[in-house]
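Next, two complexes with chain A in common: one pairs it with chain B, the other with chain C.
Right after this comes the complex of A and B.
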């Protein structure tokens, strides 16, 4: 397309900022809120923002899969678990003492991972070759690459599901926690 | 190059068009629903506003707009306000890739089928959040029902869609329609040489569509006689109106998708007259025929029990759709062995 709108760059930048903002805001909501249902909503917003970022990286398939799997399946499944909890839970007022330590450890790990990734992205070598289409993006090409080039990753995902099922079994076998009786 | 051919402007024009289409449909499908209900129950239905009641949607709209939006104390007010916004967005997104005729499509995506289903899967979260944020016994029961019903029916629906994907070999909705050209015997619904169970596949898809859009006989989420209005109990005014509009928008999306996947989209049933405006006409004719069926089913069948609803999905629809999937795969691939 030869002619474009005069403010196209700004439009693209604004949409990119929207995607980044949604991701960050969603993640912050998911972490900082005390109500578990809002945490799920935050996770959902974060995933939608991530899908926008994938779209910016020219991967619409990945973006839609992110929405279909993480918003449509994972978040709904988490909600299933949330529904086992009390609907009108009051946010806990007393902070757990050991929570601070765990928080510090978590921040340290997050900083290490984030810093490492940022350093890799900034200092690491990027391929100079121009971007080219790997295949035509058809269903057949997609299936072929999932079952040949990326079959290891494809199979590894099923391991995650196995672990999830095992975890569910372990939790379910323990039964509900004993009800606190009258003192 | 004219101003209209710029991509952002074109998308904007289509967006406005889709919003108008969804709004007009929601308004007049409510009237059609009430008229249909009246017809089936042997009463006239709304007939006071305008000739034969055709002004009724305006009266309803003004009434809903004039009502105050109340946020009852004790609700999770943030999520309570966010839910009506979230419930309306997914169907609008889905319509962006639905081809209404051979040239009338906002964005002809290569992965259109995936696009519709990924945004269609968000809908349940919005209903759930609305019900949960209301902090009302009936709404919470309704939210739990919405989630379990949607999880149960998403599986056979996606299995059917994978079957259709194997038949067509593409996720581009426009290409799926082009493959079904040349008369109604080429429609996927009648392609019994690909899979003898194809009509059964269509019935499964239609049933799942009814369940996913929470329509009777599967409207366990609303169930006005037992749960007041389910997830929308606490909503008044336009908050309630938006949930209602979203329900009809979802029906439109579901019927459009059924038309594209099984009934040949904008292809003419007789083999010619399927280009341009004719295509649009055929498409809308098929979509509205399906929507009338949806309304007809609602007022004909009583609401099912919740357990039989889940049993229907897990014990009947999922096994049958797996069988159709395997059968289609076998019938597509086994002839290749002997070639």
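Right after this comes the complex of A and C.
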């Protein structure tokens, strides 16, 4: 990297720390809040931070797609569902002690899996960086790969999206009319 | 200086992906509504995508393969969210609740 200013590296580091912090904070907000709409906002923050990380990983196209698909489509769809159903967690009916016990078990399982994977990732014998890459990973290279090597997967995912849209329409439209169910 | 090059090392991305996976699993176990579990699942997808992108950036000889894989993950996740949300709305219409503890008619 050509350094023009003495503190350019620190600026890059600060932006990187911002992206990492946004990702972690957003994920924690998405999981820990009680009101579900704040969880959706946390997911949005997490995806914005993740887009920054993708930019640092030499993939501005995926950063754009992350913003467009997750923040723009997935989160907005979840917001619509939140408005149509009332998903706020009711006060737990199970006894408090059982809830605490289950929370401790959940934290333990998550820490075991996450910690184990982090240790493996840090300790594992990773291969050296490849000496020569077959393309530069730009948008042009992505398009060429999509239309040659991965054309079958490309067509298949378009079919999957079509079926998913039709299936979502059918499921959401069908069923008996609204009736007051059991409280 | 090592700290200044930290964004060009794979370690922090891989550890961050493991942390995201842990957070997602915790949310999946702890949430008591279907939409909350869906959000936690999205965070697990994000962890997998970040891991793939880190491996793609630092270890893969073909930089396009990982990006295309992550693009497909995003597409599948969008389709999954659409279907899951329509199922959630249908369940809410029938039961007036989307708490998994109350949806126990299929219990054997």
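One rule holds for everything that comes next: the second predicted complex is superposed on the first by the 94 of 183 C-alpha atoms of A that agree within 3 Å, B and C clash if a C-alpha of one lies under 4 Å from a C-alpha of the other, contacts with A are read in each partner's own complex, and residues count from 1 in each chain.
The definition used in the following text is that contacts are C-beta pairs under 8 Å (C-beta built on N, C-alpha and C of every residue); 3 or more make two chains touch, one makes a residue touch a chain.
Just so we're clear, the structure is a prediction, and the values are computed from it rather than from any experiment.
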| item | value |
| --- | --- |
| Touching partner for A:146 - first (chain B), second (chain C), both, neither | second |
| Partner chain in contact with A:109 - chain B first, chain C second, else both or neither | second |
| Touched partner set for A:76, first chain B, second chain C, both or neither | first |
| Partner chain(s) touched by A:11 [first = chain B, second = chain C, both, neither] | first |
| Touched partner set for A:61, first chain B, second chain C, both or neither | both |
| Partner chain in contact with A:43 - chain B first, chain C second, else both or neither | second |
| Between chain B and chain C, more extensive residue contact with chain A | C |
| Footprint overlap on chain A, comparing chain B with chain C | 61, 65, 73, 77, 80, 87-88, 137 |
| For the chain A and chain C complex, residues of the former touching the latter | 9-10, 12-13, 16, 20, 23-24, 27-28, 30-32, 36, 39-40, 42-43, 46-47, 50, 53-54, 56-59, 61-62, 65-66, 69-70, 73-74, 77-78, 80-82, 84-90, 92-93, 102-103, 105-107, 109-111, 113-115, 117-118, 121-122, 126-127, 129-130, 132-137, 141-142, 144-146, 150, 153, 157, 160-161, 164-165, 167-169, 171-172, 174-176, 178, 180-183 |
| Residues of chain A touching chain B in the complex | 1-5, 8, 11, 35, 37-38, 41, 44, 60-61, 64-65, 67-68, 71-73, 75-77, 79-80, 83, 87-88, 137-140 |
| Touching residues (chain side chain B, partner chain A) in the complex | 1, 6-9, 76, 78-79, 82, 109-111, 114-115, 117-122, 124-125, 128-129, 132-133, 135, 140, 143-144, 147-148, 150-151, 154, 165, 169-171 |
| Chain A-touching residues of chain C, taken from the complex the two chains share | 3-4, 6-7, 10-27, 29-36, 38-40, 42-43, 46, 49-50, 53-54, 56-65, 67-68, 70-72, 74-83, 85-90, 92-99, 101 |
